[in-house]
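In the two complexes below, chain A is the common chain; its partner is chain B in one and chain C in the other.
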Partner chain A sequence: MNFEFSKKLKTVCYILIAVGIITVIAGFMSGETVRTWSNLLIDNFLFLAIAVFGTFFVALLYLTESAWGVTMKRIPEAMSQFLWVAGVIMLLIFIGGHHYLYHWTHPELTDPASPRFDALITEKSVYLNTPFFLIRMVFILGIWIFCTHLLRKYSRRQDDQGWQGYHKKSRFTSAVFMVFFAVTCVVAAWDWLMSLEPHWYSTIFGWYVFGSLWVSGTAVAILLLVYLKRKNLLPNVNANHLHDMGKWLFALSCMWTYLWFSQFMLIWYANIPEEAAFYLPRIKHYPELFYGMLFVNFLLPFLVLMSRDSKRNTVYLVAVAILVFIGHWLDFYVLVMPATVGEYWSIGWIEAGILLGFIGGFLFVTFKSLTKASLEVKQHPFLQECVHHHV
Partner chain B sequence: MGNKIFAIYDDEERLIRAVKKIRKGGIAIHEVYTPFPVHGLREALGLPRTRMAIVSFLCSSTGVFLALWGIWYMMIYDWPMNIGGKPSFSFLENLPSFVPPLFEAMVFSAAHGMVLIFLLRSWILPGVTPKNPDPRTTADKFLVEIIEDGEGTREGIISALRETGAEEVRF
Partner chain C sequence: MFHESSIREPLILGEKDYRQITEDVISPVEKKPTTFWWIAISITGTAALWGILCICYTVGVGIGTWGLNRTVGWAWDITNFVWWIGIGHAGTLISAVLLLFRSRWRMGINRSAEAMTIFAVMMAGLFPIIHMGRVWLAYWTLPLPNYLGSLWVNINSPLFWDVCAISTYFTVSLVFWYLGLIPDFGTVRDRAKIAGAKIRYRAYHILSFGWSGRVKDWIRHEEVSLVLAGLSTPLVFSVHSIVSMDFATSVVPGWHTTIFPPYFVLGALFSGFAMVLTLTIIMRKVMNLKEYITVKHIEYMNLICLLTGSLVGTAYLTELFISWYSGVEYEQYAFINRATGPYWWAYACMMTCNVISPQLFWFKKIRRSIPLAFFLSIIINIGMWFERFVIIVTSIHREYIPSMWTMFHPTFVDVGIYVGTIGIFFTLFLLFAKFFPGIAQSELKTILKISGEKYKQNGVHH
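And now, the complex of A and B:
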């Protein structure tokens, strides 16, 4: 059964994309340059994370030889197709907005003659310099996109040709991807988010961003899954599969909180100025978001999804998935904004418009790739096991 | 209470098929003993879902609240402590340092409470005569226990059990 991308839905996507583009242009024209760049970075990173989650999740299913996710495999696969769009935008954001976003890119900081000379950034400039940064970005995105492309290609060919050798090829690609991803997702988090504050560092930061990536991707996958299920396009996905996705959402919310808290508590307890410099502006100027995030990202999913019945109920699942999605947008907002606009923040039309634009773009690419392959996986060694999955 | 009839099976798939067949035949199963949890047996036996999750929730809540009270009493009220160089003496402001022990107390209470309540509920305690009729069910055999209600049914039950593929039928 193929997904049909209706005219109505397409129009909605076009309108959302147009809203996003108009907001970006209006944002730059209205003089809110830094705020607009920051919003582009937040939303693009969020959707880049959601897209690369798709590849990560498919690779994880292959490597763990999981049967339960086979019938819904097309959804993370389609999500991952947004990766190249987000990758290109990421490059454009760095090329266009590096002086507004990344403090360390200013050349006078590493010039000993300049009054703005910064010894720490000069020390770090072996790693944090524009050419090397761009090389890393292209390399990381290149590998991610290449593995995504291969996994998608093998999966579709396996369905068309019925040759199970593609399963082995997918598994090999997944293993290669996973090894690279383990390193590169951490490097990406350092480069694209942690270097916003080049004086500060945290060793758990990469995993913390990876936690956000995983849980926000799971939330979006649940939303798409329920949407397609409601359209009766996934006859082989039932409450048992939803239950498993609900378990993921529950567990990953806890994992994200664990990582968030591990970073926060050590810095809070040690109280070393150079480390606390990261949390001080966030607690001082963003207290509602900083603490509110914990309710949305931890307490609500934890309490609501604790019971088995709510994990099997689409209404609860969708409500929590939407909350978690908003919560992780806030998470990236609180990561980026204090480093760029500082205390002069507000959530208004720029935030809403750019987020809507990215939602439109993401949905357009995802729905487009959902139409290209049958939603039902026809050839997979674990297909029957997945159909009879029972928890 | 009538006599007990035991049917022994050597495979869990066969056991589940047999349980379904026995219940369809109108014979009430009193108990099934297996060496490990058999997936799908609960549904086949028509038993309600386990309430262990509720026990877990209640135990862990108890643990968290006891730990909250204990930490507050010890660290804030009885002898105010300077935690992490921040002498605020306020429970809320020191909360980050209390989260790990709260979590530990929660896990401890949930784990111990669940084990104790499980043992009490199934009455597996030191000195209690075991209800398990055949020690082989702790190794590799599956046993279905049926309590005979009236006189004349014994032969019928035994032949029904043999039909379901029981390796051995005793009474």
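And now, the complex of A and C:
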């Protein structure tokens, strides 16, 4: 059964993309340059994370020999196809906006003769310099896109030619991807987000961003799953499979909070100026978002998804998934904005427009790739286990 | 309807039926202990006695008998404490987290892993208590009213959080373990009744809490198991996170780093699984349980060691990189000193045993080889002991003032107590293996017709 990308849906996507593009142009023309670049970074990173989650999730299913997710495998596969779009935009953001976003790219900071000379950034310039940064970015994105491509290719061939051989290949590719991903996702978090504040450092930061990536990707996968299920396109996905996704959303919200708390509590407790410099502006100027985020990302999913019934009920599940998606947009917003626009923030048309643009672009690529392969997985050694799965 | 793919390896080998499983698991409890068991318990008992003597000596004379000095106030004892707590992690992960993940392979090993957890946590708890010096005042760590002579605890102190976390963990693990034992005790009791063994019948009658095996009992049993699994899962994470906060809330370079909580948890799972490997490999051979603890079980555990070992490795590298990236010279020095200072050999040992050696498990032949898995599991536990030693001692043996610089030299009491806890631990484990059913046989029976070799071959699905 293939997904049909209706004309109506396409038009909606086009309109959303147009809104995004117009907002970016209007943002630059209205003089809100830094704010526009920051929003591009926030939204692009969020959707890049959601896309790479797709590959991560498929690889995880293969490596753990999980059966329960086999019949919904096409959804994370389709999500991962947005990776190359987000990758290209990431490169463009750095090339176009590095002076507005990444403070350390200013050459005078490492020039001893300059009045703005910064000894700490000069010391770090072995690592934080434009060419090396770009090389790392291209390398990381290249590996992610390459493994995504291979996994997708094997998965489709497996449907036509039987799982023998391809299952083993997929497992191998998944293992290779996981090894690289474990290192590169941490480096990506340091480079693309932590270096926004080049003086600040935290060892848990990479794992924290990985937590955000996993939970926001799960939320989006649930939304797509319910959408396709409502269209009767996934006959082999039932309440038991939704229940498992709900459990993941519940567990990952807790995991994200655990990582958030580990970083926050240790820095708050030790109260060393170098480290506290990260939290002070956030607590002082962004208190609504900083604390509000915890309600949306932890308390609500925790309370709502606690019961078995709510995890099997699409209404509750969708409501929580939307909240978590917004919550992690806020998460990245609070990571990026204090480093770029400082205390002068507001959420208005620029934020809304660019986010809508990215939603449109992501949905367009995902739906397009859903049309290209049958939604039903036909050949998989664990297919029968998944069809008969019950919790 | 359950269905299991034909490519999954069977988890119960041989021609087994329900009766045969009972026979294989329960009969060691009924028979007289083997010569091997007597030899083993004499050795571990001697070590335990020696440890108890050293503890008595410490309590009588004071902790001046240890190698601690003004600069290095925490060393061998706290290393042992963290090491044992870490080992005590795999049991609850296997029984709770793997239960939630519906991993069927946990059923062959969960009973012994849980027993290991309980004994390891007991050993861990010993160290902070004897380090207090006046062990008879240990109850002062609890929030008790001042008229009992104690002072109200300082709730800002991570040491107090530790008391709460570890006692909760111990209680929940113990209840979880015992809950699983009840139906099996019932089986031992019923068999004793038929055999006419009066003393055994009496003993297991009390232990089994009047288990009747009715459907109602089973429903309650399964419900409580699931609730306890839900409660224990956050505990797996909280205990070692809070242990890590004993160090990370300080401002000592090398201790204060935000990655500590998840990294300690991963390290704990790593060492915990290594210890489960050591114990189950011995158990499957000595008690002839090779058909229940199969090569596939060993392979799965080795894969978990590979995963957690590699993640611990990335945490080491993250710490190294960020210490440079921070630009803080004290932070940088702490790590340079670890790798190249007077304790470089401990650091090298930690890196080799914890990061490099598990990489061997990438090869299928190695991770399915029982002797190699046994050898590497011991290597990993040595490495994880050195990890805690490196973190604790190398971070504090250098102070801001060079006149405070010193080394740590353990005394025979330090070593004696450590060896003693290993002795007590293995003595308790041997007693467990003799008197308690070593495999959760009633639980294992639920997967016989799904994952049993005989049933898989016949293609019967239930």
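Following the convention adopted for this analysis, the second predicted complex is superposed on the first by the 390 of 391 C-alpha atoms of A that agree within 3 Å, B and C clash if a C-alpha of one lies under 4 Å from a C-alpha of the other, contacts with A are read in each partner's own complex, and residues count from 1 in each chain.
In this text, contacts are C-beta pairs under 8 Å (C-beta built on N, C-alpha and C of every residue); 3 or more make two chains touch, one makes a residue touch a chain.
Source: prediction; values computed, not measured.
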*Between chain B and chain C, positioned on chain A by superposition, is the outcome a clash or a fit?*
clash
*asked:* According to the stated criteria, A:Ser307 is in contact with first (chain B), second (chain C), both, or neither; which is it?
replied: first
*asked:* So in the superposed three-chain picture, is A:Gly357 touching just chain B, just chain C, both, or none of them (first/second/both/neither)?
replied: neither
*asked:* Contacts for A:Gly27 in the overlay, against chain B (first) and chain C (second): which applies, first, second, both or neither?
replied: neither
_As a test of reading the superposition: which chain, chain B or chain C, is in touch with more residues of chain A?_
C
*First, second, both or neither for A:Ala270, with chain B first and chain C second*: both
*asked:* Looking at A:Gly87, would you say it contacts chain B, chain C, both, or neither? Reply first, second, both or neither.
replied: neither
*Tell me which partner A:Glu385 touches in the superposition: chain B (first), chain C (second), both or neither.*
second
_Contact residues of chain A, present in both the chain B and the chain C interface_ = 265, 269-270
*Could you pull out which chain A residues touch chain B in their complex?*
261, 264-265, 268-271, 306-308, 390
*In the complex, chain C residues that touch chain A*: 1-8, 100, 234, 237, 241, 245, 248-251, 256-262, 310-311, 314-315, 318-319, 322, 325-328
_Show me the residue ranges of chain B that touch chain A in the complex, using the header's touch definition._
39-40, 49, 53, 57, 84-86, 96-97, 99-100
*Any idea which chain A residues touch chain C in the complex?*
65, 67, 120, 123-124, 127, 179, 182-183, 186, 190, 199, 201-207, 247, 254, 258-259, 262-263, 265-267, 269-270, 272, 274, 381-382, 384-385, 388
